[in-house]
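Look for chain A in each of the two complexes below; its partner is chain B in the first and chain C in the second.
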Partner chain A sequence: MYLLNRQQRHVVNYSWMIVSLLLVAFLPFFLFLGLYLKSFLLLHDYSLVDLIFSREWRPSNGKFGFYPFIVGSVWVTLVAMIITAPICLLTAIYVTQYTKKYFLRIMHPAIDILAGIPSVVYGLWGILVVVPFISRYLGPWLEIKTMGYSILAASLVLSIMIIPFVLNILIEIFKSIPTELKEAALSLGATQWQTVKSVLLRKAMPGIIAAFGFGLARAFGETMAVLMVVGNVVRLPKSLFDPGYTLPALIANNYGEMMSIPRYDSALMFAALLLLIVSLFFNLVMHFFIVKYNKY
Partner chain B sequence: MTLAQKIEERFFKVLMILATYFILFILAIIIYSIFEKGVKSISWEMLTQIPKGGYYYGKDGGILNAILGSLSLATGATVLAFLIGLPVALYINVFLIRNKKLVNVIRFLLDLVWGIPSIVYGAFGFMLMIFFGIQTSLLAGILTVTLFILPIMIRSMDEILRTVPIGLMEAAYSLGSNKSETAFKIFTRQSISGIITAVLLSFGRAIGDAASVLFTAGYTDNLPNSLMEPVATLPLSIFFQLSSPVPEVQNRAYASALVLTLIILIVSLFSRGIGKRYHKTKINF
Partner chain C sequence: MSDNAKISIRDLNVYAGKSQILKDVNIEIPKNKITVILGPSGCGKTTLLKCLNRLTDLYPELRVTGEIMIDDNNILQAREDIYKLRQQMGLLSQRPYPLPMTIYNNIAYALKLRGIKKRREIQKLALHYLQQASLWDEVRTRLREPASRLSIGQQQRLCLARGLAVNPEIILADEPTSALDPISSQFIEETFLKLKNEYTIVLVTHVLRQAKRIADNVVFMYLGEVIEQGSVEEVFGNPRMEKTKQYLGGTFN
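This part shows the complex of A and B:
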């Protein structure tokens, strides 16, 4: 019935497992090493400080300043997080503390669907709804001239994209807080909101920080949706209504021409390396917050 | 309760309710605007034809190339990721079960890899392609997307496999089965529904992601017919059609977005339904 005997099958299965495991475990190192080696050419010719803080981006003249892209990415990410954070926190508290169980059963599929919508579709929705909203209503209302394609548009789209991600973690965290703690507070005469404020939030703080951190890292690397609504203008944005450019959008927009200009490919790989480092760093730090949270 | 406390209580409760319904409202708006725009411009012709001459100026044709391309790319990547992911998840939960420290390190590494943005995988895949001298092709796309969905696949299988009770493992050993038999015959059967869910989840991720295939899979108007040729994908077809100035082509982007969203919704519905179905092979403790 079998081609191999039992012992041989065991050996085959075992080596299959080990090889797969090694491949997966070394994946982050491969990624880092590959991108580093590729961007080495650029790092060799320019100093790191120059690359990061120079404002001039003219690849055909050999000028590679990543500052506008880094600033654009940071703006988009931070504004998105400022919008998302309170919404997610309030919702997570509401669905775990104030409502009956069935409400979570309604929320979960909704969160799943939000999480499943691909980023191109979010981008398309941004172009259809968010960009016209900003250029036709919000801009004129605030008496600001804007195309609609702006940092703000990207942040709004992004803030919705990371809701399911952050919300899921927050719900898990609030669910894991023991009921006895809340009961103790309530029995001392605290109101429900006082309990939430002084027991729940304090206890969950490391977890909440971690959830926001993971969301931040996710938002920082988001490509397509941001690319479609941010405007893609290499300039330091002065206000939220200015168009900008982000690091992932830079890579995605220019892969076609990068082989024709010297060091251009190196520069784009350096951008990818920056993204990788930011993502690994954030996830690393936030992981320790989660570990700290689990210890209590 | 003082009045101030009462007001505070009320105030935050209202805020919370607003936030919750805001999320549901946004979801409804997104779904509504995609369907409203998409249904208007979708047609049978779009689903069954490949782009003909002048398609990108508003002439006849459809997006069959992108639909089939996306399906073959996502299927290939999911199968490959399954073949690498299942043994890893089993190894962690059967062979390393007594070595909690190592397991935690591996889980931590997987979480790190999960957080890496897909554009980085795209750039990495592109670099590998140049290194090995491969052109943009279905194969390059599959390999890149495999790397991207691997952590998702493994971590979601792992979450299911770690709930298998240790008694089941001990029973299998006591009947004389060795570790790999326990892993592949007992553990997989016990958690089959969760494994299928993990596979479907990864498939949904694979089919929806654009940034990782942008460099590696290329784009073509032909149907996919070989691993070594470029392949069209739905997310990219949406992206390209949307950047056209011709209104008809933009309308097709809305229709393509509807198709993609529907595929993903169906896949996620399936994965919810399947959890309930495969209870027969599961031993309840």
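This part shows the complex of A and C:
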């Protein structure tokens, strides 16, 4: 009936599982190793501190300063998170605690549609709507000269992109908190808001941090939509209305043409390595907070 | 309302959409006694309990009609201060749900909601309520630990202490021992017996022996209706209704 007997099948299945596990476990390591080897040329010629903190980017003259890109990425990501976090948190609390159930049934498909739109479409929307809005209305209104392509435009587009993802996770987290816990707080005479504040938020804290961390990682790595509206100017942005450049945009914009200059190639690999390390760092910090809050 | 009735439920009906969960419920719950509400699962016991502290408000699909008088005060009327009202009652649910904070803060939170602000007083009262729930000796050295680290039985007693900390007159308990081991259950039962001099206790259960052990009064419910109510001697010793006899005799179907 079978080619192998029960014992043999067990061994085959078991080894297959081990192999898959090892594959998944070592994938990040291989990624890291590959990027490191490819960027070795650059790391060999320049000191790490110089690469990270130097501001000059002139590959043809052999100047590779990544500081503007790092600062650009951090600005865009942070501002996007500052916009995203309160919106998502308040929306999730409102739709799970204050509205009737059918409201959530209407919301869910809307959120899923937003989550499914390709990033290039968000980028186009940014060019057609957000950039002109900033250059024609917001900038003049605040009496700031801006061409619209800016850190702020990128952050706005980015936050609209990650809101559905973060919101979906947050809604699931709030839904998973047992009603009885809410009833326990209410039965002590707490108001609805007191219950949300001191019981639900506290209980959900590890999940909330994980959701924000997920959003942060997505925002940091997002390439297409950001490079379409951020301006792609290698300069330290002085305000949100200045254009900037991000690490993923640097790689995507230059990958085709740099084949001829070995150091340029190496520099882009180093940018990818930086991206990987920073996301790793985000993950670690997130993990630390999840463990810290998970004890309740 | 008879003279010593603490809670008097009159013509209480609860509808969920087209189905009716409670039908014309009339119950008198005497003061400083343990009243056990007995009945098979799904007979509306829990809903009845939730009506008593208006947790039914959380479920907009429920429609509640009738009167629930507590000390001549109809609590189903909307103008009642619902937060004050809920503080008249301590709730103990089927499984313990400690708040996501330390053991001490679980009690302190309830005390703060009651309006007590002085730290000294909070400490004093927390000790008092933990003792009242027979938990103090087990947690005195670990007050700053998360409440979730306690065993289930200890958690349930912590929830009881928390419920007592709002200074209620009534204790509502919804099958409080169904998730506990026999020793923890016994702890809870003994605590109830001690507490009934000061509190009016309403206990929902489907455990006949538990009802027999600690009840003063018994209300037997079936499919949302009160079948029979009276003192424990009357209902257990000499049940009048056929359904009650069957349930007590274990031949229920």
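In the analysis below, the second predicted complex is superposed on the first by the 255 of 296 C-alpha atoms of A that agree within 3 Å, B and C clash if a C-alpha of one lies under 4 Å from a C-alpha of the other, contacts with A are read in each partner's own complex, and residues count from 1 in each chain.
The rule is simple: contacts are C-beta pairs under 8 Å (C-beta built on N, C-alpha and C of every residue); 3 or more make two chains touch, one makes a residue touch a chain.
Quick caveat: nothing in here was measured; it's all calculated off a predicted structure.
Novice: Is A:94 in contact with chain B, with chain C, with both, or with neither (first, second, both, neither)?
Specialist: After superposing on A, A:94 lies in contact with chain B but is clear of chain C.
Novice: First (chain B), second (chain C), both or neither: which does A:194 touch?
Specialist: So A:194 meets both chain B and chain C here.
Novice: With both complexes overlaid on chain A, does A:178 touch chain B (first), chain C (second), both or neither?
Specialist: second
Novice: On chain A, which partner's contacts cover more residues, chain B's or chain C's?
Specialist: B
Novice: Is there a shared patch on chain A that both chain B and chain C touch, and which residues make it up?
Specialist: 191, 194
Novice: Residues of chain C touching chain A in their complex?
Specialist: 53, 55, 58, 60, 83-84, 86-87, 89-91, 93-95, 97, 99-101, 109-110, 113-114, 146-149, 159, 162-163, 165-166
Novice: Per the contact definition, I'd like the list of chain A residues that touch chain B in the complex.
Specialist: Touching chain B: residues 6, 9-10, 13-14, 16-18, 20-21, 23-25, 27-28, 30-31, 34-35, 38, 86-88, 90-91, 93-95, 98, 107, 109-110, 112-114, 116-125, 127-129, 160, 163, 167, 191-194, 196, 214, 217-218, 220-224, 228, 248, 251-252, 255, 268-269, 272, 275-276, 279-280, 282-284, 287 of chain A.
Novice: For the complex, give me every residue of chain B touching chain A.
Specialist: Where chain B meets chain A, its residues are 1, 5, 8-9, 12-13, 15-20, 22-24, 26-27, 29-31, 33-34, 37, 83-85, 87-88, 90-92, 95, 106, 108-113, 115-124, 126-128, 147, 150-151, 154, 178-181, 183-184, 204, 207-211, 214-215, 235-236, 238-239, 242, 253-254, 257, 260-261, 264-265, 268, 272.
Novice: Looking at the complex, which residues from chain A come into contact with chain C?
Specialist: Those in contact with chain C are residues 100, 178-191, 194, 198-199, 202-203, 295-296.
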